[in-house]
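Consider the two complexes below, in which subunit A is the common component and subunit B and subunit C are the respective partners.
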Partner chain A sequence: MKEKPIAQVRHLTKIIGGKRIVDQVDMDLYPGEIFGFLGPNGAGKTTTIRMMVGLMSVSEGEVIIDGISLKKNFEKAISRVGAIVENPEMYKFLTGYQNLVHFARMCDGVKKERIDEVVRLVGLAERIHDKVKTYSLGMRQRLGIAQALLHQPKLLILDEPTNGLDPAGIREIRHYLRRLAREENLAILVSSHILAEMELMCDRIGIIREGKLIIVQEVRDLVEKNQGDVMVTFRVHPLDQAKALLSEWMTKQPPKVVDECIQLTVDQEQIPFLNAKLVENGIQVYEIRMESKNLEEQFLELTEGGVLL
Partner chain B sequence: MIRFLHLVQNENMKIYRRTGTWVMFGLLLVAIIGMAFLMKAHLSSQSEDDWKQSLMKENKSMEIQLRKEEILPHVKDELQKMIAINQYRIEKDIPPMEGTMWEFARDAGKTLIPLITLFTVIIGANSVAGEFSWGTIKLLLIRPVHRSKVLLSKYLATLLFSLVMLFSMFLLLLLVGGIVHGFDGWDLPHLYHDGEQVKEQSMPLHLATLFALGSVELVMMVTFSFMVSTVFRSSSMAIGLSIFLMFAGNQAVFILSKWDQDWIKYLLFANTDLSPYFGDGTPLVDGITLSFSLMVLGIHFLLFHLIAWWLFIKRDITA
Partner chain C sequence: MVEALQAEWIKIRRSKIWWSIVLLALLPVLYSILIYTKIMVEKLHYTGPDAWFMPWSLIVMFYGSVFYPIISGLIATILCRFEHAGGGWKQILTLPVSKSHLYLSKLLWLLGLLAVVQGTTLILFVGLGYAFELDGSPPWSFLLASTLLGWIGGFPLVALQQWIASSWKTFVIPMAINVFLVLPGFLIVASELALKSPLGYLYPWTLPVMGMMESDPSGVDPLGSPFLPVTLLYLAMFLAGGLVTFHRREF
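Right after this comes the complex of A and B.
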């Protein structure tokens, strides 16, 4: 990342009623890069994004876009930004096309050809002259991306772009954003509270918790560390016998007994094999359950906890 | 500048692409037709020659009044003007507007302006609050346009809507009035006395002036509703408060005026009816002049705008 960053967020802070909703957030976003902004709901993602697009005032710190201070020169700085904040809410009583015309009129130099181009880009050509109220959530999301791209921004900010989409829709958005970053050299900031989604989409991930950006990590590094090990719980009978057998096979990470069940960390691939072996040995298997870890635990584990300290 | 016109164009698109707006125009038409039926029963049609006779009779009785000793100077002045106008009518053969499409247009128009006020209040209230409830405010305010321009474009589009409504009403009144009462009075002039002699004025111009004076309250109420909708981001609150104020305000000033307190004249509603200054009745509160009323109106107008603008500029958008 030797290029100049498109967006620089410096010590960004939002204080509401004495509480620091966002606390000293620093980020640099580079062209061609998708940055994942990850955190549980209420961690300050949306507030940070709202400050970055001028919807909320900044208590401390500043946002610089393409070298221009957002606060000092809002109109110029914001003309470099396209965004969807939370849901892509459009004027439902207008057609998709009228919505785009509406937003195109608010920027300089967006011609009719550009509108048509963007419509084709997001694949809405067939339905663009229908009223938005007839659109599915996925189509609204695409229309939202279309309005964000109209004025050829250098920075695209998408708040929870996969919210409410089905898996196919999520995959479509993901491919689409990757292409935009690669082909148009856009810097893209995507927020989400789902780590798995971010892993597939982003180049870098920043985690925000209680208003603080606690870590920024390259996704490549994350993936290497995650070798598919999962925590699995077996509910079996008889317990002792099963534990003895499992301890025999899994010498490296010995199983533990928790709540009348056996818990062990194992490569996902091994689960059916272990199951077969238990059954072969006359153990009754009632349940095999993968322990879903909350986002933070997963991430702390992946980054080996120590990085945070 | 071009960009600003685009903003107004956008607001217009959002007003006229909604079904609700066209329902308003439909309701206006229905109201005008309804008025035509109601007033048809009241308006007595006079035959060609009757009006000269009755004007002469009217003049005679006014002349008798004039001879009385105790007559007040301004009543005397008023009577003399009316006699002169009636005389002018008889001499030049200009029948009065009573029973013509013009009378209908004037009376129905005055009655219907509050309806247009209501419609415009609704449009104005939705203009800002609607963006918040639709969630589109977040897309609207992340454009390279300063917030004050967005707000101004919304206000202008709202006023423009009231103009379109008033103009449509005017045309519909003439059309419906003509169909019901006949178009034969269409070229009647309006007569008035300028203090020295009787003068003729074109009737449409006369009505336009009347309607414009009647729209002072419209502008004030729309500005008020616009402010409330910006402050509370709720269109129903803006509509409710404005309607309440419109009905209660005039009543309250009327009742308070019996009380003879000096501060009443500073109230908005003591000053929204400007027609007394143009020779139509007397002001609700004694001792106020046109310039005083304009000042009170101006201060309220600026105050409403200042509050709306300040909050719209400063507010964190959390919708």
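Right after this comes the complex of A and C.
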């Protein structure tokens, strides 16, 4: 999987009015991989993306796409990138197809076959000759993606692609993006402020906060790490006696009492064993509940409890 | 560049721009011919040397100094609005498209549309002239020269309007600025200041009407007047200003 990166972002910085809106961001994006760019609103996601697609000037650092510097050879570098920045509304008085023809004319060498191909790729074949004003938000989003794919980019950048979509629309976009990464071997950069979505869609996640990329993690690693230790809640009677017993067995991570229940972190495999011991000692066990620590909490830990959303 | 022009055409073709052009050209033409035939001729018994010259002069006055500048602002705003309305600038500019080509293709279409506006006005005038039974036949060379020079006089104005319209996201501000600045132009022309002072040639909103007045029945000598040099100089200035602003703008 670790081939040569399609995009290398190096020390990318944007300074507006003396303030560092984006501060020394470094990223590598690989073919076939969906990279989630996660952060609260105003953290600098869109600004980073706008610099990467040439809508905004770069204050410091550089962006290299397919080995070509965006600064030195803008048109050649940008021809490898397809992007939608913020919700694309397209030209509503035109049909989806006319929209695509319009954008195809703008860039060199896009043939009719390619238009038909991208329409199929985003599953819009049946409605492509209808006016865009009759499209749902999800369809407009897919039309936007189709447009961004016209010139066969190697890197697809989508700013908040699921913004405003209902769960079905989000699932659809996720499905099409996964397919694009797999079948077209595209590198995809997706930004969002919603972690749960990123967890399902992405291979790697980078978190940006106050302009700085503070951490980059493989989603798989995070999920695997989760599988060992879990937080368990025991609803038992009598409480004090159970707590004393559990404290005895679990010296490393002492149990806490929360809401008349006992909460502790243990290896998943130990749960039946603990249960048996409690019952053996005459404790009545009413409920055992696993609170799996999700990505969000892990990230909160990593970001020292800072507010992400 | 040709591709950019074709892309622009896809939008222009299906927009409502055509209706506004015909309607806004029809109003002053109809008005001028009615004033001429119903008031000047029937009521005041005006008899001029040429039945087509006087109504055209009225058109030059109303249309050339008011409606034509307003139409030029309107079409510039409509062409920029295609992109302002739905985040289109961002969408186009993330493609490998040159900003200059995009800007220039819009300007070239604006010049083309101005020609359509002038042509429509001329056709409407001749058509209505026959319908209202003006004596004789239309003085074609005079009318064509006036139309052509009026078209050229609109170049700097439409370039300036594009500069304004591409800088503001709203429809209202560029249109308001335009209408507001049309009025002094009308006053300059109506008070004949335009003929007595160089003001007519210096104010971009009066250049179209100055162009249309360069032609008179005795012949045309645009080379002997400051009209062409000023027009081309302004066009170059407004185009350069617009291009620089567009290049510097962050989206």
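The criterion applied here is as follows: the second predicted complex is superposed on the first by the 225 of 309 C-alpha atoms of A that agree within 3 Å, B and C clash if a C-alpha of one lies under 4 Å from a C-alpha of the other, contacts with A are read in each partner's own complex, and residues count from 1 in each chain.
Methods note: contacts are C-beta pairs under 8 Å (C-beta built on N, C-alpha and C of every residue); 3 or more make two chains touch, one makes a residue touch a chain.
Just so you know, these numbers come straight off a predicted model, no measurement behind them.
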{"item": "Clash-or-fit label for the pair subunit B, subunit C on subunit A", "value": "clash"}
{"item": "Touched partner set for A:N87, first subunit B, second subunit C, both or neither", "value": "both"}
{"item": "First, second, both or neither for A:N41, with subunit B first and subunit C second", "value": "neither"}
{"item": "Touching both subunit C and subunit B, counted on subunit A across the two superposed complexes", "value": "50, 53-57, 75, 78-79, 81, 83-87, 89-94, 98, 101-103, 105-108, 147"}
{"item": "Subunit A residues touching subunit B - in the complex, by the definition given at the top", "value": "50, 53-57, 74-76, 78-79, 81, 83-87, 89-94, 98, 101-103, 105-108, 147"}
{"item": "Touching residues (chain side subunit A, partner subunit C) in the complex", "value": "50, 53-57, 75, 78-79, 81-94, 98, 101-103, 105-108, 144, 147-148, 150-151, 157"}
{"item": "Touching residues on subunit C, where the partner in the complex is subunit A", "value": "3-4, 6-7, 10-11, 14-15, 82, 85-88, 90-98, 102, 250-251"}
{"item": "Parts of subunit B lying in touch with subunit A, wherever the complex brings them together", "value": "3, 6-7, 9-10, 13-14, 17-19, 134-136, 138-146, 314, 316-318"}
